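The following blocks contain the structures, represented as structure tokens.
What follows is a pair of complexes built around subunit A, which joins subunit B in one and subunit C in the other.
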Partner chain A sequence: MKAEARIGLILLLTPLLLWLSLLIVIPHIDMFLVSLRERVGVGEYRISPANYLTFLTEPLYLRTFARTAIMAMLATLITLLIAFPVSYYIAKMARGRTRSALFLLCLVPFWVSELVRTFGWMILLRETGLISTLLQWAGLADQPVEMLYNDAAIMVGLVYTSMLFMVVPLVTTLESLPDEVIEAGYDLGGTNVSVMREIVIPHATPGIVSGCIVVFMLSLGNYLTPTMLGGKDSLWFTELIYSQFIVRFNWELGAAFGFLLLLLSSLIVWGMLRLTGHTLERTMG
Partner chain B sequence: MTLPDLECTGLTKRFGTATAVDAVSFDVPPGSFFSILGPSGCGKTTIMRVIAGFLDPDAGDILIRGRSILNTPPNKRPVNMVFQHLALFPMMTIAENIGYGLRRQGMAKAEIARKVDAALDRIGLPGIGARKIDELSGGQKQRVAIARCMVLEPDVLLLDEPLGALDLKLRERMKVELKEMQAAFDTTFVYITHDQSEALVMSDRIAVMNQGRFEQMGTGRELYYRPETAFVAGFVGDTNRWHGRIERVEGDALQLVTDSGLTLRGARHGRALSPGGRAEIFVRPEAIRLTRSAGELAHFDNRMSGRVTALLFNGAASRVLVQAGREEIEVNLPQSGEFADLARGAEVHIGWAGDQGNCFAGTP
Partner chain C sequence: MIPTIPQPRLLTAAYTAYVVTFFVFLALPLVVVAVFAFNDSQFPSLPWEGFTWGWFFGEERPVIGVFHERPILRAIGTSAFVAVCVSILSVGVGLSNAFLFNRYRFPGQGILYVFMLLPLVIPGIVLGISILVFSSRIANGAWDIAEWDIEALRPGLTLVILGQFSFIATISTLVIAARLQKFDRSLEEAALNLGASRLTAVRTVTLPYLAPAMIGAFVVAFLMSFENFNTTLMLVGSDAPLTIAMFDRLKEGSTPLLNAVSLLLMLGSSLLALVMIAFQRRG
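Take a look at the complex of A and B:
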């Protein structure tokens, strides 16, 4: 490689490396170190796995951890199931202006902040909210219905928030599948189901995988939606982290929780990639 | 009489107000190679897509071996299509591509494997079944796309400009191979192209299409030597073409003056042309004799002398452009060696028989 080219490469890479090291690697190393500290007296610390042991011995922590993981996966699955037909319609069936309009519709919710968006759901779902009133008016319910503060409300909020991040990669991969190839599938005797299963879905797999990874990570790390829409019994793991850091000033335990969450999401993403036989390079490339 | 494999009657397809296919009728006898030749945008692909079932015709009927298939969905029609860009399945191996249709029919695995191997042998690519599509060259992909259809033993195979994406050299070879494959599979081919040489080389019969209509149907020879419309005369084969006004008509022969003032003798071949009317005259470059002395041309009705303005060397198909009066005339260069030293600016004489000047009524 020529010297100028190498300098050019270094100059290009420097901001990226700085960003990665300053904002991601260094904080995480620091967090890991903090998580291994145990407070033994005022301003006295020693290295021990005590924080991790606390996590393992406290059922509430463990349960919340598992619940968050499962709910995030479920939210990912539901988002995929809703987004796939929508994306297929946008990419393969809609034409011209309809297509741009539909795509824009998916984008519109992101013009307002997440807080306002979530608040919108509260307006709809609460006891004195729109849906409850409508149900009473239609005679389907004889008293106000509370639809907030439960897992279903969290799920609705998570799926709504994540939709765009699933639709974009799906539309992109589906658009790259020529119509001719789908028609060839039918021409050679394929039915709707078999064309979908043997041609469209295999082609869309990279988009499905990358969409699922993004949505899963966003759901797992979401704080606002579970806090606002969830009830007393639907604790999210990020709420535990928040309360350790901010409410209890127990940075050591909070750091351990944060690190465990990172571990969990890495593990599940790795598992997802293994399951679909994809590598991260192929999915992101 | 045997039933034609494919018969279309009055096929019409409109997109909004535009008529892409306008009352097209034709039939294709079993085992023959039928081509539809026309400039791009004339409606060829639309015909194919209507036959394959991806578009519903606005009028007309499609019969396969005498039975209408209008109400049969695309995946049940006994026709298969080789798409313009081949449309091989990139997520499958070559064997899976060829076996796709058989799997859909629910054939047993062992039987599919046997048929796929046989098809690969047939197209001269044995033992490559496990490879991926992107490891194949353009010509090999072509053959796999055809084999993928042929294992299903369709009554009719539709091919939509399948050679369009190949480079010239390969295209020349694939023309011959396609014809051989058609003979080997003994299936009826309906082939569409905008390239006249593809149609002329391969087809038993050709339909020339223009703006949604069939202009003329016949063998390559008929289209080339006896075009019935000005469009066909201009589209099939190379030709000199002039507009002019008819001066005299004597039986089948006529005399016309081109817009640039050249007096030419031509033939109307039974078409209704009368003195004073506008006409177009077509003369093929190979119908024109090129000589160095005027004496050799005494027996031709059309004789003129001119100056060579350009030599278009192209091996056996070399031409020269001769400036005669205000017209530039394209003339075949004889390969006898007599003209090996012909240079730009040389004085030459050209001549052709009057019945080689094919005349059609022209637009005023």
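Take a look at the complex of A and C:
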């Protein structure tokens, strides 16, 4: 029996270890090693921090990195602010069938490819698009308005794309808060604001944290939305990675960029978990 | 705020209005994409030139419909092939992982569990480039040592499948493990008492119980793979899956053909989602 259990353990452990080592751990170590390489001749390399120095000394790279980080944080915050009242409505105000219908309605857009969603916003926002035409028709604008190709358009796209990943964890945690607890808050003389601040939000914190982590990560790593909705000046860090890898074929610098993006996202995720005292297992699993 | 505690009328009305606005915001881009698939014009924008089925069934230039556009059809086929491979791999590995974390206790299990979750917090584009870098190193190594050209390790469908699998496996593991957690182990013990071997007990009792979760994981994996963009973009070779093919066209300027493809995608994925919900209900 003991031997059988051991064989079973080894058999089940093999796929997991193969997957994690060959597709996750070793490739990332390798990417880090490549990022530490500097080309000195044809096929000749030496170890040096040159790629990271390039990143630090080139204002365009540094600025794009900071811009991407800040805009991803802003997108996360906006998504949270928009999603919280809606999630609360679904979890606590709606009842029975309405609740499941509304929840399902939230999920539907995300069964569709991100490309299609972005395409939808392009049709809405472009110069010949729906909103521009509507504004002219209403007399609010006397010529076509271009709303595409700027940072605001990127923000709309990012918030829209990540909405689901905020709504689902929020609804799940809010549903687990018994109605009686909220009623008790009011009975004890609480106002809308104080009940929200002292009962609902503390209870929803795990959902807020996991939603924010996922949304931040998705926004930071997004390529499609900034490329399609952003303009010439609104570079996103992932676009730099892509251009180093595919267009310029400078894999060393591209790998350094990739590692920096990974570092930034890990730092923020770790910081958020640390700040709220949660662990990755509880938040994601 | 809770329905059992009365609130000022104006406040509830404003709240409801906000929620309605939110759902309009959610639906708007998709509705627009769907509606312009039927616009009889070269551009998916106003003015409205009249209703047409041309972008689905049109056979002649300039209006070639989806069903006669070879490259798009081929891309759909490629995507479906990749998605099926990724789903089979993910459900297989997910099932094995679920049993491993549910049935066994071994040193290092906690750490391994955290590692298993990591692919969810790695940006997709980074996953893509790390796999690209590593596989090229192996391929170059094999060529330098033995002049052996491993086609599968160059950008192409094999790498796309591996790249998507690398994070979708986590999701299928979580889905299957969640159901295995709820399984009543005394059912399995009953089978053992009745003379079944351990494998027979798992095959005839546990696996049928897990079936809804496995189907659910399969559908989720299929959809995620079909939609995936970031990881695929870095690993794609000459056979482009649908999202990449559409992206390339969108960069050149769009015709309502793309709207028609999108509408078909929406219908397809809603259908799959409904199938999954139906299975989940029965389970």
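As a working rule, the second predicted complex is superposed on the first by the 259 of 285 C-alpha atoms of A that agree within 3 Å, B and C clash if a C-alpha of one lies under 4 Å from a C-alpha of the other, contacts with A are read in each partner's own complex, and residues count from 1 in each chain.
Following the convention adopted for this analysis, contacts are C-beta pairs under 8 Å (C-beta built on N, C-alpha and C of every residue); 3 or more make two chains touch, one makes a residue touch a chain.
This structure is a prediction, so every number in the text was calculated from the model and none was measured.
Enquirer: For A:Ile199 in the superposed arrangement: first (subunit B), second (subunit C), both or neither?
Expert: The answer is first: A:Ile199 touches subunit B but not subunit C.
Enquirer: On the superposed three-chain arrangement, identify whether subunit B or subunit C touches more subunit A residues.
Expert: Counted on subunit A, the partner with more touching residues turns out to be C.
Enquirer: Identify the partner contact of A:Val108: answer first if only subunit B is touched, second if only subunit C is, both if each is, neither if none is.
Expert: second
Enquirer: Which partner does A:Glu183 contact after superposing on A: first (subunit B), second (subunit C), both, neither?
Expert: The answer is both, since A:Glu183 touches subunit B and subunit C.
Enquirer: Take the contacts of subunit A with subunit B and those with subunit C, and give the residues found in both.
Expert: In subunit A, positions 183, 186 sit in both the subunit B and subunit C interfaces.
Enquirer: Under the definition above, what is the set of subunit C residues touching subunit A in their complex?
Expert: 1-5, 7, 15, 18-19, 22-23, 25-30, 32-33, 36, 43-46, 92-93, 96-97, 99-100, 104, 106, 110, 112-127, 129-135, 137, 162-163, 165-166, 169, 174, 198, 223, 226-227, 229-230, 233-234, 243, 246-247, 250, 254, 258-259, 262, 265-266, 269-270, 272-273
Enquirer: Which positions of subunit B touch subunit A when the two form their complex?
Expert: 52-54, 73-76, 80-81, 83-85, 87-92, 100-101, 104-105, 148-149, 152
Enquirer: Show which residues of subunit A lie in contact with subunit C when the two form their complex.
Expert: These residues of subunit A touch subunit C: 4-5, 8-9, 11-13, 15-16, 19-20, 23-28, 30-31, 34, 82, 85-86, 88-89, 92-93, 95, 102, 105-109, 111-117, 119-124, 126, 128-130, 133, 160, 163, 179, 182-183, 186, 192, 195-196, 213-214, 217, 220-224, 228, 238, 241-242, 245-246, 251, 254-255, 258-259, 261-262, 265-266, 269, 280-281, 284-285.
Enquirer: Which part of subunit A faces subunit B closely enough to touch in the complex?
Expert: My answer: residues 178, 180-181, 183-191, 194, 198-199, 202-203.
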